[in-house]
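Across the two complexes that follow, chain A remains constant while its partner is chain B and subsequently chain C.
After this line comes the complex of A and B, so read on.
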């Protein structure tokens, strides 16, 4: 009995040693690159780094207040407006389309497998490839293709440089973003829908449910746990989504399409490329302010979805 | 956390009749596919045009008047001019090597850390396991915006900046959706296997490598593939963290920003096709694995 207890103890001790050793790296990495980075981000937001000696700094609130003055405020106000517009449009067009596409694939309608592959294709191609193909096509080829229409029907002039330099650039950029947005979501939604028991669908059919009723009253509620993951995590996307601006326009995106995510990335990249550390705190301050807005917003949406969203049971 | 991962199994029931809704969806999807394929096809025919034909011949949308493949055409020219995209004059081979190291190394380390941490949390019921699981959920829901400036500063401080191995270390974390995928997989694995191995004298290390990991290898490969594709295509992070180790994606991005020899779109598109060819081959070989293996459920925490 004593020998058995001893061997169990030895095995448990061995497991604990294995567990502890294997956990060292993940915990260390998490502490440095998640907790440490974010803590440093908050500290950085209050720093004023000496431009002549980067090791010297003082603490200040100016990094926060300067965002609400002069050209920085105009820049921030504009990018916030664009970001909100992007979020609403994606929510109103991208999400419903993604759900309907998933439903089509889940129902195994004609060419469903092919459509599934095609919807996923933009996700595996680099954004720089697809974005530039789209940009050059709309800028150079589309005007040439639409030119005969102009002659035949007397329509309005087809703008050259459609995506880059016309009054439609926001529309063009949004169209592209919605176009490439379906890959992962459709994959996840349709996989989740495929877990719905066929008996439930059959009983809905026996009750006389048509496709729309089946979609809204059976499929949507039973897939809602997956949909809500994307809806909740998507809220922070208001402040992080760059709408492929960097792939389309590099660091020269027109004002009409500059989002907060792009603004933060571009300012950080610029500061890093010329090794200007004193510019980092200004960006970090904006990041801290936006996180303070994003946290309650995300939890608010999560609360509302949990309370009012459809329940699987 | 409701059902997170299940192997995708095609259902065998009969195909249903099409309704008005599905007919409309079919039309929209058909248009989507035509636009996407047309875009790629247009890119391909543009690469096959002589730069002069595109720029001065005013043939931007049509088929090439003659297929420009003399001495390899735009593809070979792109490879020869590759070094001109970067100030360090990174050659095609160097950027290819950088891409392989950045994407394969980063993807492998990230997937391995996620897989191993998920295994430890799922199979060892210590308090730390619960804390780690909670941290993943919190990190997913808690939106932290724009910590890039701070991350660069930290990377510089630790000597990881502008080092490919440095990006591996930064990516060797367990956070993210795939941790949950692995966690669900290991949780649903019967304990009987590991208990039997323990009776036979196997230690925890060999139980993981010889029993648990082979059972999870399918999911591991899928996640590895997804991570590899994402890193291969990524140019924004390498642009920031690897200012002198240019990857292929970054060189392609730079080709569109460089003037002089690079102004002609047929040449620029040759760069994009060179970048996407390996990924398209991977996709054609592994599309079933990429498309069919993962589902996620709701996150409750």
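After this line comes the complex of A and C, so read on.
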């Protein structure tokens, strides 16, 4: 009996050691690269670093207040506007279209599998490759395709979508982003829709429901838990979404498409590329302020969706 | 069938992944592995001290480095740097990374030939770089007892002398090559079609090819006859008269890369500003400490004119009122210049604003226009680019010369264009050559016994012979005072010869400063950002975007808005 107990103890101890060894690395990573980095970012937000000797610094609130002055405020105001516009457009166009495509695939309508693959394709290709393809297509192929139709495009008077002198860069970027966004959402929505019991659908049909009624009164409420996840993460991502600007424009995105996410990314990238320490605190301060806005906003939207959104039961 | 299709698809995707991995390997600038070794006969010799070098992989290539290494190894073959070793071997690789202090310390390289680096960020991080003060200031017996210091300009001496340690300037880097954006002009086109001006001061502009003109070329922007720039436009007014004439003869005045239109054109605009200002006034835009000479007088948002001319004033500038530097009249004129370039019909190439039209495509367009390689009829008169352009366009030169030797680099005739002056009064006021590449050489700290070998190699790279050799191989200039005699420059391309002649009569302006104010605001003070303006709807715009759009604002409004933006900029709060 005693031998058996001892062997169980030994086995448990072995498992514990194995478990500990397996977990120590991810925990350490979490501590350094999440807790440590974020803690340092908060500290950085209050520092002013000597540009000639990075070991010297003082503490200040200027990094926060300077965002609301002069050209920095213009930059921030512009990018906040773009970020909100992007969120609204994604919500008003991207989400409904994604739901309709998912429903189309879920109902196994003609070429449903083909659309499923095509819509998911952007998610498996590198965003840089996809962005290049899209730009080359709009810059060179589209003018050739439209020429026989006598539609003027790609000339000095009617520039291509991404041209420096184009008035439609925002439209071009949003079209790209909405197309790219279908991959994950369509896959998740259609998977969720496929879990709906066929009996419920059949029952709706017996009650005389058509396709639209079925979609709005049966499929949508029963998929709402998945939809709400995307709505909540969409809110959380308002200030981090850079709408593929880096893939499309590298470091020179025009002001009309600069989101807060891209603004932060670009400034951080620039500082990091040559380790210009005095540039980091200003960006860190903005990130701290945006976190203070994004966290309650995200929880608020989640609360509202849970309280007022349709229930699966 | 379906299964086979799936297998085929999976196979294709696997191939794509493998291709991606292949793309990661192999470095054409490497002589450290078999893949890129241009010197298979050179084998690692453990009895010699080994140095590893990295160079920025750009238009200048690395042929110059191979030659430099060979000469250095030969010259120092009997020197003992480490116990039990005699002589030295140098190996190099190339990449486009920006090495910060941490990357320098952790890399395998001993010596770094950088471009676009931030010297003060490297110094301020502390401990990454070896001090080079001795090799900069002490005479070099291998270079006729000259010092590197003696070949540097006053601005360079001030910039590279890092004083934050104990107040005394200490050198942790030496200059590498130099260059900035300007205009390359097609001399053979200018010669053939007579695109030179015959006009002199006070006369209406006219081309030497026009019926009512004398065949004698005008003085050019230097105001003197018998010089390199004879017949080139003296003033902005003449310059745009020439552009109109070029358009009237079905040619295209300008060609530039649509992908890089904003940085290329704004940096070229900065060259115009520097050319007007001169080095001293230009440096005020970095240090904000001194007397500004020609600031546009403004009454609120209105520019004040006096006797039909812009009224200017002199003012003491400090960081507190540094925003007044936006009012430099040079900027007003340069903005007007850019405005005309971008808004006049027929002035630029088709790809000028196309986002995927890169610099190599622009160079190809420029070289092929008017030849059998191009479908369009018109030729292109000027290319917005830098002195490195011929190196970058080598493939196009080779492709064209394979069909006809007249298209080879040596047989084509291009020149570095002396920029016209903003006003008649400025004609003959001297030229400025702008270096905005931030290219320099550093040595990693803590190399131990081989430190001296690294220092000797860096010093060797700045000897007169090495500087000349660099220019002969790359067609570009190192950022030092040196000259090439007739024999040394015999095999250079006409463009390089033209560039050298330009540089010999110009003053060098380096867009970098040691001042704490500049180092704190370095990003905001780069031309791409510094010439930004609030374009009316609250956003910070760039002059290229503002003027290229159909609903562009006027040059004067842009200037006024730029002044307003500077006034509210956080740098000066």
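Quick notes on this structure:
Throughout what follows, the second predicted complex is superposed on the first by the 272 of 313 C-alpha atoms of A that agree within 3 Å, B and C clash if a C-alpha of one lies under 4 Å from a C-alpha of the other, contacts with A are read in each partner's own complex, and residues count from 1 in each chain.
Keep this in mind: a contact is a pair of C-beta atoms (placed from the backbone, for glycine too) under 8 Å apart; a residue touches a chain by one contact, two chains touch by 3 or more.
Everything quoted here is computed from the prediction, not taken from an experiment.
By the document's definition of touching, of the two partners only chain B reaches A:232; chain C does not. Judged by the touch definition given at the top, the superposed model places A:273 against both chain B and chain C. If you count the residues of chain A touched by chain B and by chain C, you find the higher number for B. By the touch criterion stated above, A:308 is placed in contact with neither chain B nor chain C. In the superposed pair of complexes, A:51 makes contact with chain C only, with no contact to chain B.
Legend: residue contacts after superposition of the two complexes on their common chain; A:136 is shown touching both chain B and chain C.
Across the superposed pair, chain B and chain C both touch chain A at residues 132, 136, 140, 273, 277.
Chain B makes touch with chain A in their complex at residues 2-3, 6, 8-9, 11, 13, 15-16, 18-22, 25-26, 28-30, 32-33, 35-37, 39-40, 42-43, 46, 58, 60-61, 113, 116-117, 120, 124, 126, 128, 132, 135, 139-154, 158, 169-170, 172-175, 198, 203-205, 229, 232-236, 239-240, 243, 249, 252-253, 256-257, 265, 268-269, 272, 275-276, 279-280, 282-283, 287, 290-292, 294-299.
Taken together, the chain C residues at the contact with chain A in this complex read 98, 100-103, 117-118, 120-126, 162, 164, 258, 261-263, 350, 352-357, 516, 519-520, 522-523, 532, 534, 538-541, 544-545, 548-550, 565, 568-570, 573. Contacts from chain A toward chain B in the complex involve residues 11, 14-16, 18-19, 22-23, 25-27, 29-30, 32-34, 36-38, 40-41, 44, 97, 100-101, 103-104, 107-111, 114-122, 124-130, 132-134, 136-137, 140-142, 144-145, 179, 187-188, 191-192, 194-195, 198, 210-212, 215, 224-226, 228-229, 232-233, 235-236, 239-240, 246-247, 250, 260-261, 264-265, 268-269, 271-273, 277, 280-281, 283-284, 286-287, 290-291, 294-295, 298-299, 302, 312. On the chain A side of its complex with chain C, the touching residues are 50-55, 66, 69-72, 74-75, 77-78, 132, 135-136, 139-140, 154, 156-157, 159-160, 162-167, 249, 252, 254-256, 270, 273-279.
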